[in-house]
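Each of the two complexes below includes chain A, the first together with chain B, the second together with chain C.
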Partner chain A sequence: MQVGELLRSWKTWISLGLIIFLLLVPFLGIGGGYLQTLGFLTFLFVTLSTAWNILGGYTGQISFGHASFYGLGAYTTSILALRGINPLMTMPLAGVIAALFGLLWGYPCLRLRGQYFAIATIGVGEATRLLMLNLDDLIKDIPLLKDALQDGVLTGGATGLMLPTPEDIGSYAMAFYYGAMGMMFAGLVVSWWVKNSKFGLGLFAINMDIDAAETVGVNTVYYKNLALMLSGFMVGISGSIYAQYMFYIDPQTVFGFPMSIGMVLMPTIGGSGTLVGPILGAVVYIVVQDRILTANIEIGTFKLSLSTLHLLVYGGLLVVIVLFEPKGILGLQKRLTRRWAKRGVEVAPPRKMA
Partner chain B sequence: MAVMIEGTEVSKYFGGLAAVHNVSFQVQEGEIFGLIGPNGAGKTTLFRCITGVYPATSGKIIYRGRDITKLLPHATCVLGITNTHQVVKPFLDMTVLDNVRVGAFFGRGWKQGEVKDATEEASRVLEFIGLAPRASFLARNLTLPDRKRLEVARALATRPELLLLDEVVAGLNPTETDMMIALIRQLRDNGITILMVEHVMRAVLGVSDRVMVLNFGEKIAEGTPKQVSTNPQVIEAYLGKSYAAAAKAEQQSDQQGS
Partner chain C sequence: MTIDIPALLVSAILLAGLYATMSYGLALIYGVMKIVNLAHAGVMMWAAYVAFVLIVEAGLNPFLAPLIALPVFFVLGMFIQRYFVSRVMYAPIVSSLLLLFGIWLIMQNVSYLVFTGDTRAITTTYTLMTFQVFGIAISINRLVVFCVGILALLVMRQFMGRTYMGKAIRATAQDGDASKLVGINTDRVMEVAFGLGTALAGLAGSLMALIFAFDPDFGRSHLLKSFCIVVLGGLESMVGVALGALVLAVAEALSVLWIMPALQDFVSFALLVIVLVVMPGGMVGLLAKFKKT
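Moving on, here comes the complex of A and B:
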């Protein structure tokens, strides 16, 4: 696209304005830092959503086990940080460990097709969570691994791990706001590159017809594993950032099934297999989650906290999307614009069939 | 002419069922080799053994002196063997051009550094096959004849030396059939060896240099189209014993007469 054309498009100005606004958020102090926290979480979830989309949207391999990558990233950073290593330095390692873990279960599981792969990933996610929950008990009597424990703790079981908080929490949080923003843009660039590269073309081919892809020379097993590892790497780094920002992780939060479901839901809401869909989906997801978790319904003396119902809401949402608009918000938008455009077409001559 | 691909006693069993049993064949470089037989004779299975979708249970397949029996389809594709599917398998949500680009990117040309630009190569193939006006269409909006041509175009973009065509004529009307046959001849003239499965006898007997006939997974005849079409065993497989007897009698009377 030409520069002049870019300058004339309203989309350019909207996105530019949005980016400037996001850059200024920490200084505006809206809602006493509430917006900054919400922004951080949005950046984090957009990254997760985009990462999942590379495997689930582009390649069409639906994974319900992505929380395992997230948790591994978070735990890698926390465990190393508690042993005196600068948490920032552990981030690449968190990504690499998640990616290697992806190869470990992807190599056997990616041979399965369609729903069978999805079912296997549920097993992987849950097995990883249970393993991390019980790891300390498992290794405490094994002489070789015993040394990994510190005061009898490696993963901390159900209690989780607590990281020391820095003194100047304000600037720390602000730094992470920008850090997460950078990570999100990096993730989007990766996603854009994949979409427009030879690699991405192979992934789309696998998504649409795996046998035909194999016939014309796409090494499907290799490409699927590569997609899973890339996806896992990005999710692992997100997990690492989450752990550093929250100072506290436990298996239920980072390895929990709701985390995996969230990563399936976000791209699905927005429109999976596209670049923009996962962003839209993540924004909707995080705002809805934020509203629901803090909302209460009060009728007289009867009081119902909606936070207990938020998984129910997501489950319902997923059913509605799959039934009525499988292509998500983007699909809906396309359908509406087509409908509006149609009003003018009636006067135009019918299109010549080629 | 050199032998391009040679199968030695190739068998494929699905459990106790012998889909292909001890079939040996040789395809010469630059010929059109037809493969016919009644439904369920094992033609497509043999194709899949060659490309590697199902590895053969026993036997050997040698392509240009190289054992390819255990190679997967993407590996045989890179060596120069590719096939079209009996039930066409376009990438439905891609444009026609992108469909062909997948072949150009991942096939043989790219890896050997011959194709500078896969898109250029894809456009050239589309031009050749006559789909260029539809290049920007989504594959799902194509008609069946166009989908069949796309299937061939995508296979061609991988720059094959041996092209396996699985019933590319089936379902086409007579005009389209003639166009497809002309295309197959043109491909052969461009140096591509062709191995084709076909049910439309007019097509396969008209275009093939040699034909092999399978029945219940076993080879029952091989030869020129004329030899094969008058072979009593072949007639029996297609039409039943009584026709075979009649054909035999006719053949004998022909020989006596001449």
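Moving on, here comes the complex of A and C:
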């Protein structure tokens, strides 16, 4: 696309306006920092969604175990931070550890195809959570490994780990707002690059027909593992940022199945296998989680807290999306545009090929 | 700590009967429709609650409850197949996976709403009864659960081998298009197969409720175990599934000797990975074999 064409497109201006608005959010002070927190979470979830999409959307390997990467990233940072290392320095390591972990289970599990891989990932998620929950007890009698314990604590079991909070929490949170924003854009650039590279073409080929992909010379094992590791790396770094922002992590939150469910849902809602879909999906997911699911309905004596319905809402969303619009919001948008076009309402004339 | 290994093995074998029942449901649905039923976990969990309501609230005999669960879940399975799964039969595999995952989540939430997240257990007069054979204590509860599970599998075997519908199911599993050509109503066959698979999961779930404590999150580790068993035993036959169930149950029981009980669920996953690494073809190799026969 030419620069001039970019300038004329309304999409460019809207995105530009949105970015400027997001950059200004911490200074606007809307809702007493509420918007900033919401923004931070949105950036985090867009990154997660984008990362999952590289494996689940582009490559078509559905993973229900991505929480393991998230948790490993969070734990790597927390454990090292409690041993006096600057948490920021641990972020690359958190990503690398998550990626290596991805290789560790991806190598055997990616031999499985499609749905069997998906079920194996449920196992990965469960196994990792159980392992981290019991790691302290497990290694306390093993000679070499027990040196990793600090006052008898490595992962802290079900209690989790608490990080010290900084004195100036306001500017700390603001720094992380921008940090998460940067991470999100980096993630999107990676996703864009993957989509437009030879690597990405290979992934799309695997998604469409793995046997055919192999026949035309795609090294499917290598590509699938690479996609998993890249995805894990991004999720690991997100986990690390989450731990630094929240100061507290425990296995049920960061390794929990709901975390994995979220990462499946977001790209699916938006339209998996696309660049923009996961962003839209993550925004919808955050809004649903933050606005709708915290609401309480009261009609007379009938009281209903919607937070008890979150699995129903997510499950229902999945069923509806799969049955009626498998391509998510993006698919819906395309379908609507087509319908309007048929009605003869103003449609831009087809662009001439240059 | 001394562990009585013969007793451990006996209880493992008894558990294997139950494992075989729940895994065969998964294998049956996979065989006919080539989809993995993630809602399997939800069905087992619901069945456990059905058993809970029937036994604890309605005061029914514990071993009658599974018999009531069976037709209920058969109908539920047919319903899911007819109105949901059949619509995505020819879509990419991802669709059916996400669809059934969504159904599972909904089932979980319904249980949370109706029964809250508390852990439940069914304690009956049979629960703690045991008898001795050659000095090994055998729990009556587990023995009956084993017998019911095995009986269900034997009935299934007769059904698959002797009735028209059973043969039609096997034919469809071998080649769907060819079955259509010879006049089998494959849509109907798929409904029945999904119903049967769900009914087996329901039976297994209501039997499990007699042995284990459960909550709305209950089915997940058992779905994983079923999957592990199916991978271990292959999809070829009921015998394979039974063998896989036996291997997993024994491995789990013996794992107590080496690792802490809290990590027992870890075993099924570790076993799964080991099988995949040792048999380089993994599931694909087994599937290829499955298709040839």
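Definition applied: the second predicted complex is superposed on the first by the 340 of 354 C-alpha atoms of A that agree within 3 Å, B and C clash if a C-alpha of one lies under 4 Å from a C-alpha of the other, contacts with A are read in each partner's own complex, and residues count from 1 in each chain.
The rule is simple: a residue touches a chain if its C-beta (ideal position, glycine included) is under 8 Å from a C-beta of that chain, and two chains touch if they have at least 3 such contacts.
Quick caveat: nothing in here was measured; it's all calculated off a predicted structure.
J.: Once the shared chain is lined up, is A:216 touching chain B (first), chain C (second), both, or neither of them?
T.: After superposing on A, A:216 lies in contact with chain B but is clear of chain C.
J.: Go through the superposed model and pick first if A:318 touches only chain B, second if only chain C, both, or neither.
T.: It touches chain C, and chain B stays clear.
J.: Once the two complexes are aligned on chain A, which partner has more residues of chain A within touching range, chain B or chain C?
T.: C
J.: Would you check which partner chain A:59 touches, where first means chain B only, second means chain C only, and both and neither mean what they say?
T.: neither
J.: With both complexes overlaid on chain A, does A:201 touch chain B (first), chain C (second), both or neither?
T.: So A:201 only meets chain B here.
J.: Between chain B (first) and chain C (second), which, if any, makes contact with A:191: first, second, both or neither?
T.: It touches nothing on chain B or chain C.
J.: Can A:137 be said to touch chain B (first), chain C (second), both, or neither?
T.: In the superposition, A:137 contacts chain C only.
J.: Please write out, lowest number first, the residues of chain A touched by both chain B and chain C across the two complexes.
T.: Shared contact residues on chain A (touching chain B in one complex, chain C in the other): none at all.
J.: What residues of chain C sit close enough to touch chain A in their complex?
T.: 35-36, 38, 84, 87-88, 91-99, 101-110, 112-113, 217, 220-221, 223-224, 227-228, 231, 260, 262-263, 265-266, 268-270, 272-273, 276-277, 280, 282-284
J.: So in the complex, the part of chain B that touches chain A is made up of which residues?
T.: Its residues touching chain A are 51, 53, 72-75, 77-78, 82-83, 85, 89-94, 98, 101-103, 105-108, 118, 133-134, 137, 154-155, 157-158.
J.: Okay, in this complex, where on chain A does chain B touch?
T.: 198, 201-202, 204-205, 208-209, 211-220, 354
J.: Report the residues of chain A in contact with chain C in the complex, numbered from low to high.
T.: 60, 62, 64, 105, 108-109, 111-116, 118-120, 122-124, 126-127, 130-131, 133-134, 137-138, 257, 261, 264, 268, 308-312, 314-319, 321-323, 326
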